[in-house]
Each structure stands twice: as C-alpha cells, then as structure tokens.
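Chain nomenclature is as follows: A, B, C, D, E, F, G, H, I, J, K and L, assigned in order of appearance, with residue numbering initiated at 1 for each chain independently.
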Amino acid sequence: MASILVLNGPNLDKLGVRDPSIYGTGSLQDVEALCEKTAKEVGAHVVCRQSNAEGTLIDWIHEARGKYDAIVINAGAFSHTSIALLDALTLTQLPIIEVHISNIHAREEFRRHSYISHAAKAVLCGCGIDGYAYAIRTAAKLLNGG
Amino acid sequence: MASILVLNGPNLDKLGVRDPSIYGTGSLQDVEALCEKTAKEVGAHVVCRQSNAEGTLIDWIHEARGKYDAIVINAGAFSHTSIALLDALTLTQLPIIEVHISNIHAREEFRRHSYISHAAKAVLCGCGIDGYAYAIRTAAKLLNGG
Amino acid sequence: MASILVLNGPNLDKLGVRDPSIYGTGSLQDVEALCEKTAKEVGAHVVCRQSNAEGTLIDWIHEARGKYDAIVINAGAFSHTSIALLDALTLTQLPIIEVHISNIHAREEFRRHSYISHAAKAVLCGCGIDGYAYAIRTAAKLLNGG
Amino acid sequence: MASILVLNGPNLDKLGVRDPSIYGTGSLQDVEALCEKTAKEVGAHVVCRQSNAEGTLIDWIHEARGKYDAIVINAGAFSHTSIALLDALTLTQLPIIEVHISNIHAREEFRRHSYISHAAKAVLCGCGIDGYAYAIRTAAKLLNGG
Amino acid sequence: MASILVLNGPNLDKLGVRDPSIYGTGSLQDVEALCEKTAKEVGAHVVCRQSNAEGTLIDWIHEARGKYDAIVINAGAFSHTSIALLDALTLTQLPIIEVHISNIHAREEFRRHSYISHAAKAVLCGCGIDGYAYAIRTAAKLLNGG
Amino acid sequence: MASILVLNGPNLDKLGVRDPSIYGTGSLQDVEALCEKTAKEVGAHVVCRQSNAEGTLIDWIHEARGKYDAIVINAGAFSHTSIALLDALTLTQLPIIEVHISNIHAREEFRRHSYISHAAKAVLCGCGIDGYAYAIRTAAKLLNGG
Amino acid sequence: MASILVLNGPNLDKLGVRDPSIYGTGSLQDVEALCEKTAKEVGAHVVCRQSNAEGTLIDWIHEARGKYDAIVINAGAFSHTSIALLDALTLTQLPIIEVHISNIHAREEFRRHSYISHAAKAVLCGCGIDGYAYAIRTAAKLLNGG
Amino acid sequence: MASILVLNGPNLDKLGVRDPSIYGTGSLQDVEALCEKTAKEVGAHVVCRQSNAEGTLIDWIHEARGKYDAIVINAGAFSHTSIALLDALTLTQLPIIEVHISNIHAREEFRRHSYISHAAKAVLCGCGIDGYAYAIRTAAKLLNGG
Amino acid sequence: MASILVLNGPNLDKLGVRDPSIYGTGSLQDVEALCEKTAKEVGAHVVCRQSNAEGTLIDWIHEARGKYDAIVINAGAFSHTSIALLDALTLTQLPIIEVHISNIHAREEFRRHSYISHAAKAVLCGCGIDGYAYAIRTAAKLLNGG
Amino acid sequence: MASILVLNGPNLDKLGVRDPSIYGTGSLQDVEALCEKTAKEVGAHVVCRQSNAEGTLIDWIHEARGKYDAIVINAGAFSHTSIALLDALTLTQLPIIEVHISNIHAREEFRRHSYISHAAKAVLCGCGIDGYAYAIRTAAKLLNGG
Amino acid sequence: MASILVLNGPNLDKLGVRDPSIYGTGSLQDVEALCEKTAKEVGAHVVCRQSNAEGTLIDWIHEARGKYDAIVINAGAFSHTSIALLDALTLTQLPIIEVHISNIHAREEFRRHSYISHAAKAVLCGCGIDGYAYAIRTAAKLLNGG
Amino acid sequence: MASILVLNGPNLDKLGVRDPSIYGTGSLQDVEALCEKTAKEVGAHVVCRQSNAEGTLIDWIHEARGKYDAIVINAGAFSHTSIALLDALTLTQLPIIEVHISNIHAREEFRRHSYISHAAKAVLCGCGIDGYAYAIRTAAKLLNGG
C-alpha cells in the first residue's frame, strides 16, 4: 500500500483565516481530511504535517526517505525562497507533487518562481484545496507506473 | 448542464509522437476521450478542438461567449508568446483553466511564463493527460459554486 | 484621390463587447463608419478589414503596396509581439499610422512596447475610437505633403 | 464653456529652430494659434504657457485646479525624467492629454518611457503640431461626456 | 540653541489637497506648525521652506551651511530623481533627516529608491505628518551627541 | 488599553555587541525598556519578544491576531528575504510598523528592499533605538484613529 | 534519393521587393529555382513552400515527418518570436538547417536571437540567396553520414 | 574672434568648499579666471555663468545660438539626469565640450553615464580645474578647423 | 590551544546519501572525524555541529564569540539565501572559512553567489570532504599570524 | 585573381582533438586543404594562418589591408570577447566572412554573441568544416560583384 | 609518478609587490617552491610556468595533454574574461584545479565570476599561497582515484 | 626630471588609416612626436610604446614601476575588456592618465565602460590627438604636487 507524506509549510496552519477571497474558507483540517479521503479512494495511506519552520520541514523530508513513497508539498512562501527545501526534496529521490491553493502565477511577481518546481513531477495551482486531492491522485498514479 | 470548451493549441495534434519521455504516449484522441469521460462523470458536456493557428483559436474563443460556461485550454507554446490569446480569453468573462502536460517550470527558462496564467483560475502542469480531467473537474466545481 | 487601408487586428471584432470601461461601447462597425465619414471629409477613400490571424494581416499588407497610399493600423496585441507585422509594414514603404483605443502606456508593462511603432509616422493612444479619425486625418495630411 | 490649459515644456520655445527634420518648421506661436483656433471650433477656451523650468510648470499645474477643466501637455524631455510633474498632474484630478510632436517610440531607447503617460487619458505622438489640435478635441469630447 | 532647516519639495504645498487617502488631510501649514511646536519642545529653532523648483532647493541647502545645524527634508518626487540635491546635501556636511509622509516602499516601483537616503542619517516613511516631529527629535538628539 | 507586540528578529539579541558604529551601544534590554516606557506614555501595553528563528517569529505573529492591536517589528535580515513573514504579518490584518536601527538604504544593495515594507503602514530607519519609540507612538496614534 | 523540405516564412514572398540593400534583388522564385538546381547537383529532391501564417508552417512541418529527410527553413521574423515553430521542428526529429538572407547579427537587437537555432544543426546568415544552396548541401551531407 | 560660453551647473558655486579631496581647493572664481586666461592665450573670448536651476541653464543655452561659437559645460549632477539639457545643447548645433573636475568613472555607478556626452565632441574628467583650460583649447581648435 | 567551531548547515546530515556523484560517499561522521584528526595535527581543538534550522545555526554562531577562535562553515543552501547568517558571522569578528563539498560554480546559476563569502577569509569548493581539512589548516595558520 | 586570408583563432590548432562530438574529426590541416581546394575552384588564392594569441591575429589583420581582398575568420572564443579584433577587422575595410564549426547558438549563453558578427557580411555556423568552403565561395562571389 | 602543470597568469609575476594587504608578501618564487615541496610530499612532479600573455598560456595548456596528468591554474584576471582559456583547459580532458590567492568573492562584482570554474574540479580562494599546496594535494588525490 | 611612459594599445599603430572621420588623420608617429614636444615643454621625459598584444602591454607596465613616474595610456579596445591591464596598472602605484582619441561615450554601448578608468586619475576623450598633450600636462602637474 503506497504511503504518501503531505507537507504544508508556513502560514498554512491559518488556512480559512487568511484572505478567504484568495485562499477560500477551508481550514488545514479540511485539507487533511480531504487528503485522507482521497488516499483511501486510491488505495494509499497519507500522513499530514504542517510547520512554519524551514528546518523542521527539512527534517521531516529527510525522514521520508525509506518511509514514504511520494511527497505532496505546499511549501507556501518557502517555495519562492528556499533552496534548502529543494535540496532536501531532491535527495529523497521520491516523486514530488507541488500544490498551491491560489494561482500564484496571477499574483505578485515574486510569487511566480518556485524552487520546489525544479524537483516536482507536477504542479497544481489555483484549484483551491481540491489541488491536494489531484496531487494525491497524481502521486498514486505515478507509483502505479504512470 | 454545464458546457465546457476544451482547446488544444499548436503541436498538440502530435501528442504521443512528440518526445514521449516528456509528453507520454497518450494521443490527442486519448485526451479528448478522457475529457468526455470526465465530463460525463461530473454531469457536464465538452466540445474539444485543436488548432495550430493562433487566429483560429481566437475565433473559437470569441464564439465561446454565450455558448460555453468555461474553457479548459492547453495553449502549448502560444502560452508563452500570445498576448492576443490572453485578451481573447479575458473578454469571454468565462472561467479559464490552464493545462500543461509536462511541468513547464522544470524546463527551459522561456517556458516558465505563461500569458494564459494571467487570466486563469487554475493551472495544472505535469500531471500528464490526467491534467485535463482535473481541469474539467475544477471547471465543473467552479460552475457549481466552487 | 488618396486611398487608405484601415486594418484592425486580433479581438477588435469584439469591440463594444470587450471590457467597455477600457475600450468604450463603440463597435467595430462604428469604427469603420467613422473611418469612412472622416475619409470623405478629407477627400480620401478607405477600405477597412479586420482579422484575428497574423498571416492574413500580413497578406493584406503585402497587397496594399501599389493599391493604397497609406495604412492606418490597430494591430491589437500583435503590436507587442509581431516582428513579422513590422517587417510587412516596412516593406510597403507606405506611411503607417498606429492607433490604440486605450492608453496602452498606462496598462500592464507588457503592453508598453509596440513593434509597429518602429515603422509608424504617428501613434495615437487612448483617444477612444476617435483615434481612427485623427489617424486618417494625419495620413491624408502626410499624403498632401505634410 | 470648457477651459483648457495648454502647457509646453523645455525646448519647445525653440520649435521650428530645433531639428526641423524631426520637429517640422512650425513655431511655438504656430502651435498656440492652432490651439486657439481648434478650441474655438469645439467651443472651448485655451490658455497656452511654456517654460523650461520644471518648478514653474509644477506651479502652473497647481494653479490649474479649479481654474481649468483639462490640461493638454507636451512636457518635452521632462516626460522621461520628472516624477514630480506626474505627481502635480495627478493631484489636479483633471483629465490630462499628452502630446509629442515626433514619434518618441521610434527614437532613442531613453525617450520611450513617459511618466506623464501614467496620468494621461490619451497620448498623441508624431502627428506634428496637429497633435495639439487632436488633443484639444479629445479633451473637449471628454469634458462633454466622452 | 540648535537651528534646523525644514525643507519641503515639489507638490508638498498642496498637502491636504493631494490624494488624502495617501497623504492625510493635514496641510503644509499644519506640518510647519508641528515642526515649530516640536522644535520648541526639544529646545531647537526651525525655519521651514517649500519650493517646487529643484534649483531653489539647492540654493537654500547651500545657504544652510554655517547657518543651520541640521536639515530635515521631504524632497517629494525629487528624492527619486535628483542627484544634484544629493550632492548639495552632502556638501553641507550637516546631519540630514529624510521624511516621507506616505510609505514610499509600498507604492510604485519607481518610488522605492531615494538618492536623498544615500546622505541621510535617518529615514522616516509613512508616519504621516508626525514623521516631521520624529525627524526633528532625531536631529536634535544627534546634535546633542546622539 | 491598546496592546502592541514588539518583535525583534535575527541577531538583534546581540545589539550593543554588533558593530556599534552602525547599531549603537544600546542593548536589546535597552530597546525593550524604551518600548515599555513609551507604551506607558501613550497609554498602551507592550509585549517584547526576540528570536533568531523565522518559524518562531511566524508562530508568534499568528498568535498576535485577536491578542494584540498592532505589531512593531524589526525583522533584521529576514526583512530582505522572508516572504513567509510578509504573509504572516498580512494575515493578521493588524497595523504593522517596521523599524530598522540603521539606515538600511545607505548600506549594501541587498539591504535596500524589505518584504516587510509591503505590509507596513510606516517604516523608520536609522533613528537608532529611538525608532522603536516612534514606532510605538505611530501605532498608538493609528489605533486612536490616526 | 534524399528528400528535403524548404520552408520560407513571413514576408519572404516579397523577396526582391523588400529593402534590396539588405535582402538583394533575387525573388522567391529565384530562391526556389536555386534550391532545385542545387538539390539536383547533390542528388536530392526538394519541395519548396512559403507561408505568412505560423499555423500553416506548423502544419507543413508536422506533415514532413516520414515524408522528408531534412528541413531547410528561413522562418523570417517568426525565428525571433515563435516557440511553437521550434516545438514543431523538434518533434519531427529531422535535421534542420536554418537560413537567413541577411546577417541578422548585425541588425536590431531583437533580431539577434532565433528560437529556430535551438533545434538547428547549422545556421547560415548573410550569404544572400546562396545561403539556401549551402543549406541544401549541408543537409545532403548530413543525410549521407556527415 | 571666437566666443565661448562656459556653463557651470548645480553645486559648482560651492567649488573649494565641496569635498576638497575630490574636487580640489580651487573656487568657481578660480575656474572662471583660468577660463579667461586660457581664452586670451588662444585668441578667444569667454563668458562664464553658473546656475543651480536646470531651466535657467536651458534658457542660457538657447540664447547661445548665434551669440557664441562653442559651449564648454560642466553640468554637474544634471549630466546624469537631464535629457532636457541634452536636447537644448543639441539644438544649438554648436560644438559642445564636457568637463568634470573629478573622474566620474571611478565613483558611484550612477555617475558613470552622462546624457551630455551624447552631444559632446570631447569629455574631460578628473583633470581638476585644468580640465576647463583643456576644454577651451579643444573648442578653439575645433573652431579653427580642428 | 586554538579552538575552532565547525558548522554544517541544511542537508549535510545526509552526506553520503545525497547524490554521491556530486557529493561523494563520505558521511557527516567522516567529515567530523577528518576535522578532529586535522585539528590534532595542527594543534587545535574543534567542535562540530550540524543543523537544518537557520535560527539554530545563528544561535550557535552567537555563542561562538569568546568561546572559539575561528569558524569553519559549510552553510549548504543557506549560503545562497541567508543574509541573517552573514550578519551573525560578521558580528562574531572571528575569522570565517567557507567550505563547499562540490564546486558550486559549475552548477546552477542560483548556487553561484554565497552571502557567506562576503564575510569569509577563504572559500574552498569542490575538494570533497578534504575541503574541511584545508579549511582547518587555513584557520589554524591565520590564528598563528598567517 | 582574388586573394583571401583565412584566419583561425584560439584552440583551432587542436581541431579533431577537441570534443569531436561537437567539432567533428577534421584537423586544422583538413580545414586548410579544403580552403585551398575551394579557392582553386572559384579562381581565388588563399593564405591560411592560425594563432592562439589575440595580438598576433590583430597584426595579421593589419597586414591584410592592401594584400588581400577578403578575410574568412573563425575567431573561436575570441569572437565573444574581443572588441580589439572587431576594430582590427573593421579598419581593413575588406569584406569579412565569419565561420564557426559548431552551431554556437545552440550552446552556452555566453557563446551566442559574437563581436566579429558586427563587422561580418555573412556568418556560417554549424556546417562543420564545410563552413569554410561556403565562406570562401561567399567571399569570392562578393568580390565578383555579388 | 603523477605530473602536474602549475600555471600562473597575468600579474602573478609581481606577487609580493602587488597590494600585500590583499595578496600577502610571498613572491612567485615562494609559490613555486611551495608547489615543488608539496608535490614531493604527495609523490608527484610539478612544472611551474607563468605568463602575462593569454596566447602563451593557451599554447602551454595545449602541450599539457599527454604530458601532464593534471593542471593547477591561477589565471588571475583572465579567469573573469577568457573563454579561450576555458576552451583550452576543457580540451585537455585533464582534471583542473583553480586557485586564487585572495577571496575573489569578497571583492568587486566583476571578479566574482570565473570562466575557469566551469571546467574546474575544485576552486580554492583566499587561502593565500597555501591554496597552491591544497590544490596540488587535491590533484594528487584525484589522480589516485579520489 | 619626471619620466612618463606613454602606452598605446591595439589598432593604434593604424592611426590615420583607421576611420579618419572618427580618429582624425594624425598617425601614431604624430602622436609620439606631440608627446615628446609636450613633455619638453613641461620639463619631462617620455618613452612611447605601442603593442597589439595584451601580454606585452602588461609586461611593459610591470617594468614601469621604479623606472617611470607616471603612465599615459590609450588602451584602445582593451579598455573595455581587460581586467588584467587594470590590475597591472594598479600594482604600479603610479598615477595613470587615460586617453581616448574619439569620444567613446557617444559610440556603441559596449565602448562606454573602461576598466582602465577605475585606476585612472583623469580621463580625456574626444580631444583627438591633443588628448595626449593634455594627459602629459596633467601627469606633469600631478607629479609636481597637483
């Protein structure tokens, strides 16, 4: 049974509170519930974690190697600034799926480049929290040979 | 019943032929069949069209207003160069979902910016042809009030 | 009697429909009627054509040589991206007058440069559809020796 | 009766003297006479002033508020360098029409950006001194409700 | 008794009139009264002057040497464009405190760099007219040995 | 009684030790004492916290919502690199006042842009530790209706 | 017998008419006759086509796969702007030889980059119409094993 | 007898006072005396003027046409920012010699480009006040046929 | 006896696991053993620490002042993004030696600039783990008067 | 009988040794033999020289004036860096034909600009050593009146 | 026995004379003696050469192939400007170790990029002349299988 | 008696031959005669040398230390590309005067920056060969205490 790590980065603990016109009204709990429901549908297992600390996210990614089969990550604003997260993801050699709740490409210039994308198989932006479900389906499919 | 226009731009008629290590082995016919199947599942109707000509795509987008409820578009390389397509999409005032089969953010620098993204609600990259299915689901959900 | 070709590029067939707060409520028919009326006033003859296809516009510009005495052109979004149109206009060796309905210099960064301007005698932006009338007057005056 | 302030900036007092192949042979007096004639035709009143001093132009723009209904301005080379003029024009809350005698977009790179354009309703370049007449007509039309 | 020159540059004579949502409703008179009041509180003397002319501001700055002990300056839009003002301020060898009523760093890109800042001890942005009071206090403190 | 959170970011625990020619000799304790004294003067309450960890600062900012009425922040070097802090500050919807002890605009190029400034009402640079006092006064005034 | 597709893009139908000081006096017919003559000399077969429409060129390139052994292309101004043509050429997996009649590297800045060059084996600029003959020879040699 | 206008721009009235390690200890009076002495040696006549106001400098340059045979100018910091001065100098059609007392190319990046240089025959930087003498000799020689 | 702090930043705990073709097969334990062995050879004492958290690294650097005589640091990906680490290192006033296991200058563009280098005496890239030994020798020599 | 100087720059003495997948297996001797053979065919005379020293190449180019009728040059890596070679070529006033064995436009960014191209009539890239033959034919044709 | 070529580029013959605060007091003779001593320690043989001429350095590098097993090079200022040296080094297919006596990354912007680094296995900056010893050790280790 | 080395770089041996509209008709012999004549007038001794080879110029500059009191240099195109020459000039610690015969600031963009200027006391451009005379006078004056 495929095992997928779902990581949420800075400020995603405040989902639903943060500007709902951009991020919708779903909370982090809603995201995690959706991930679990979708995982069940595709016969996979998910573990969901969130942190505002780059170092903690790196630690979790390091532990993922050998323990999970894929990583779904919404690194929030760290996507635009953290080469260290890119390196951590790359060294797992796991398939990475990147999610953003809003369409980052229609926002400020500095949100249009993501270091995470260099390591990602797929990038889903602007699907709201459904992006996580599509990400898990994409991961599951990749693990089943594409 | 929601009606969705699925547009494919230049070179997508050659899907399956074009570098399969990047674009997979699915053909345009496979894409269109998947779109129809997904549409049926979400209770929507799709019409699929492909052209290598920017002007033809603009004409079709103009006709979409009043005839369709949403547009799913993979504008291929025109995504990076055509402001005219962006303008055409914007004036329909319809929700736009952008799809790319490969993860354009992990390729050449000149593929990392898409004018279409300025008008899009959501952008799905690198999910292979499944990106179209997720795009149709996203469109359907938007049309059902999000 | 001076003969002037009036060319409208992509999305201008949707004038009046497209964001009226920027482009006003006049339609392409209104533009063409104004051009004819103005031409009559300055003792000139106009032919008006519109296309969403770059190749078609180039074909028409090629035919203009020897058939018309000046070209008034609103190349829409192609202004910002088409070097091929610039080349076509240049090789006619006719006086070129460029029109934009909105003030493109007060909009997005990517609308501030026009390749057409390299070949144009005059550029009129933001006068609404009256810009076409001023363009025809400018062309007529140039043809009458300035 | 609409009242329009026509401002000319640096070096425009030398019109007719300055490179006639670019600027034509009309003098500043010719420009002002044309403005008055055009104003009469559209039932408006104009006052014309010229200065080579940025501070003087700002003072005149400040006085325009409450005294004039629109400003037609050819700020010459200050167009490319003066944010202070942009600020002065903006705070009048009057409609601004920008004129350039030559087509600044076909000249040196540093003449292609105008701060004045950020505040302008319309921009007319390269129509020679007729640009002033079109500017006054555009201003009059705007004041009459477009 | 310390003597401080307070200089206001272009458009600041229109304070209270200019976009109150950005600049507040205080007038230049209010600014000058606040400066005098604050100066009295810190045992200093202020002279307040405003001009829209760069040359005049330079002249006043030149006269400041030997006559004043510090300069508080809001150079308005000249901050972004005038190297000559920077040079004038530098050659006084007096402490310079820069004030902006609005937070220029949250506005257009071209307002984010100030030449004055190269010569300033302190920069206060976005405190409204209170910024002048803080500037005078900062100057007074510097003159009293920090 | 207004309640203000005062946050100090990386390396500010070493104030007084770090290059005194730039940062002065005041310690973090001095800063915090000044904040408390100033708060008392304006009838407000302050809580002061410092961390070298971005994640910890984000956590504290999240907790600020509903608990404090304003945030005064010197994010140190994170100002120039942390979009995550900007996002955290923005989602509090509290007024933000940014402080820098030195004039960052007269130092290295990479210190001249602050992401924090995008969210800040006011920015105070180079006033030494007095900047904190002015920041608290500015916050208090904003909370009292400006 | 090797079969080579010779494609000419926008404005090349006007060869001989277009600025002869840059492009020479040879017409498109002369180019095509030269191509046929050269092909005969190297024992190859050529088919020559010209279009001003990007979409038509892409269609022809798609059809080339399996029908021709190499493509010689002068994409004119599309060279500088069309990523879609680059993609079409790449997916044929045929050897591509790029020709420009003038030396594009000694002209305007925007003519110095060609997307076609990314896919080309060889690029010949400024040899006049003889460039086509050299291109056919180069293609023939490549097909004969270099 | 050749007649030469010597213009000094902003802050040059403070020569000798301004940072002597960069500008030397000579005053503006010394500069003007040296100009007169040198002019006498080469059989020319000079008139020397200085202003801190860009508009005044432009007025003087306008008057130079027909009255002087050449202009020697040290436009100070206006060199780097004033296109209006460049235009004024250009329209005189007189030979222009540019002087800077310090070597501007070994100072801040923003002092390395001079608009005046576009119109100048010769540029002398870093020769101290002797640069004026060399400039007058250069002008005289040019007027005597080189 | 000289005391040297050896700091390793993010992802260096995974040395040997991370892409061995770039980083070699040595582990962090190997690095630390080599540091100790080298230190012994040069008569110094080392303490080795590793963290994936920027804040933790800053804390350790702060503590280094007064406790160690030099710092050898491989800040990993933080080298390219952390101004806060640069500031922390600078305020220790200790000699800093920077190490990178791979040659960062032959990799992606975004790895070619290191903020750490601004504060470093020496930078060693691409010597594999031997770089640490050379760094300790360099530090020891500097401490012995160079 | 036309006389052509064929110059090869740095590293071309190592042709055949240097990365054969890019440069082919032909040696410099092969190149020179091909040049002589081609020259004979077009009734011209060639002299071939190679140097790794920029100064030597400049000396040879200086001597070419009056001695040769055209120059064919492959300046190797000096093409991208040597303005001095450009100047030397320009002052000969001879027709210059530039050759590169590989397609420099499909390689690293820093190989895409050639100073030599500013002075060249034609540029041939990626034709392997045949490029020299085409260059000699092009030169011969130019010398025979095009 | 491994044989290593040690190359020093422009101005390194003046080591010890050139700014000792940056480059130390060691002479080129000291460098060469250190290289020989280190080589002996690691059982290798070195030949040391220095030239101020790029062409001479290229010639020596060409001769290195087949004669030496590795190259240690301090190309001085040529590191920043010579693509020809990069090409010469690359075609030897030998391991290259780059040395700089000072930390070039803490100096002027134009010293921060080295073309040599593209071909180098390792880069040592700022270790003073000891950098050569470390470079030879690194080369020896690489030749012994890493 | 002061001794001055006058160095001329690439292509200056062709003075008088090279584009006389830019460089005048004086030859290198004329330049050297003028230098000698001027030196005599100011009581100095000059030695004049020219080379097209960067390495040779560096060698001569190295020898200048201790043998000459100042260097006058026209490095031609090497001015724009040679950091090695800048380093050689700097390490002489002699006063450097830079000369260019034409006004390089009114030519191509790539001629506007000179590395030599970083080390020069004075820069004289566009005075024709008289620039050398002024340079020698400037050098002599500097050597006599300014």
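As a convention for this text, a contact is a pair of C-beta atoms (placed from the backbone, for glycine too) under 8 Å apart; a residue touches a chain by one contact, two chains touch by 3 or more.
Computed from a prediction, not measured in an experiment: that's the story for all the values here.
Shared contacts of chain A and chain H, meaning chains that touch the two of them, come down to nothing at all. The minimum number of touch steps separating chain D from chain J is 3. The minimal number of chain-to-chain contact steps leading from chain E to chain F is 1.
Among the pairs C-D and B-C, the greater number of C-beta contacts is found at C-D.
Comparing the residue numbers each copy contributes, chain K and chain L share less than half of them at their mutual interface. Rotation relating chain H to chain K, from a C-alpha superposition: 120°, rounded in steps of 5.
Per-chain CA centroids place chain C at a distance of 54 Å from chain L. Averaged Cα coordinates give chain E a centre that lies 46 Å from the centre of chain L. Chain centres here are Cα averages; for chain G and chain L they lie 49 Å apart.
Counting partner chains per residue, chain C shows two or more touched chains at residues 53-56, 81. Per the contact rule defined earlier, chains pair up in contact as A-B, A-F, A-I, B-C, B-G, C-D, C-G, D-E, D-H, E-F, E-H, F-I, G-J, H-L, I-K, J-K, J-L, K-L.
Considering their complex, residues 24, 103, 105-106, 112-114, 117-128, 130-131, 134, 137-138, 141, 146 of chain G touch chain J. Only residues 9-11, 13-14, 17-19, 51-56, 76-78, 80-81, 110-111 of chain G touch chain C when the two sit together in their complex. The part of chain J that touches chain L in the complex is made up of residues 53-56, 58-59, 62, 65, 81-84, 86-88, 90-91, 115.
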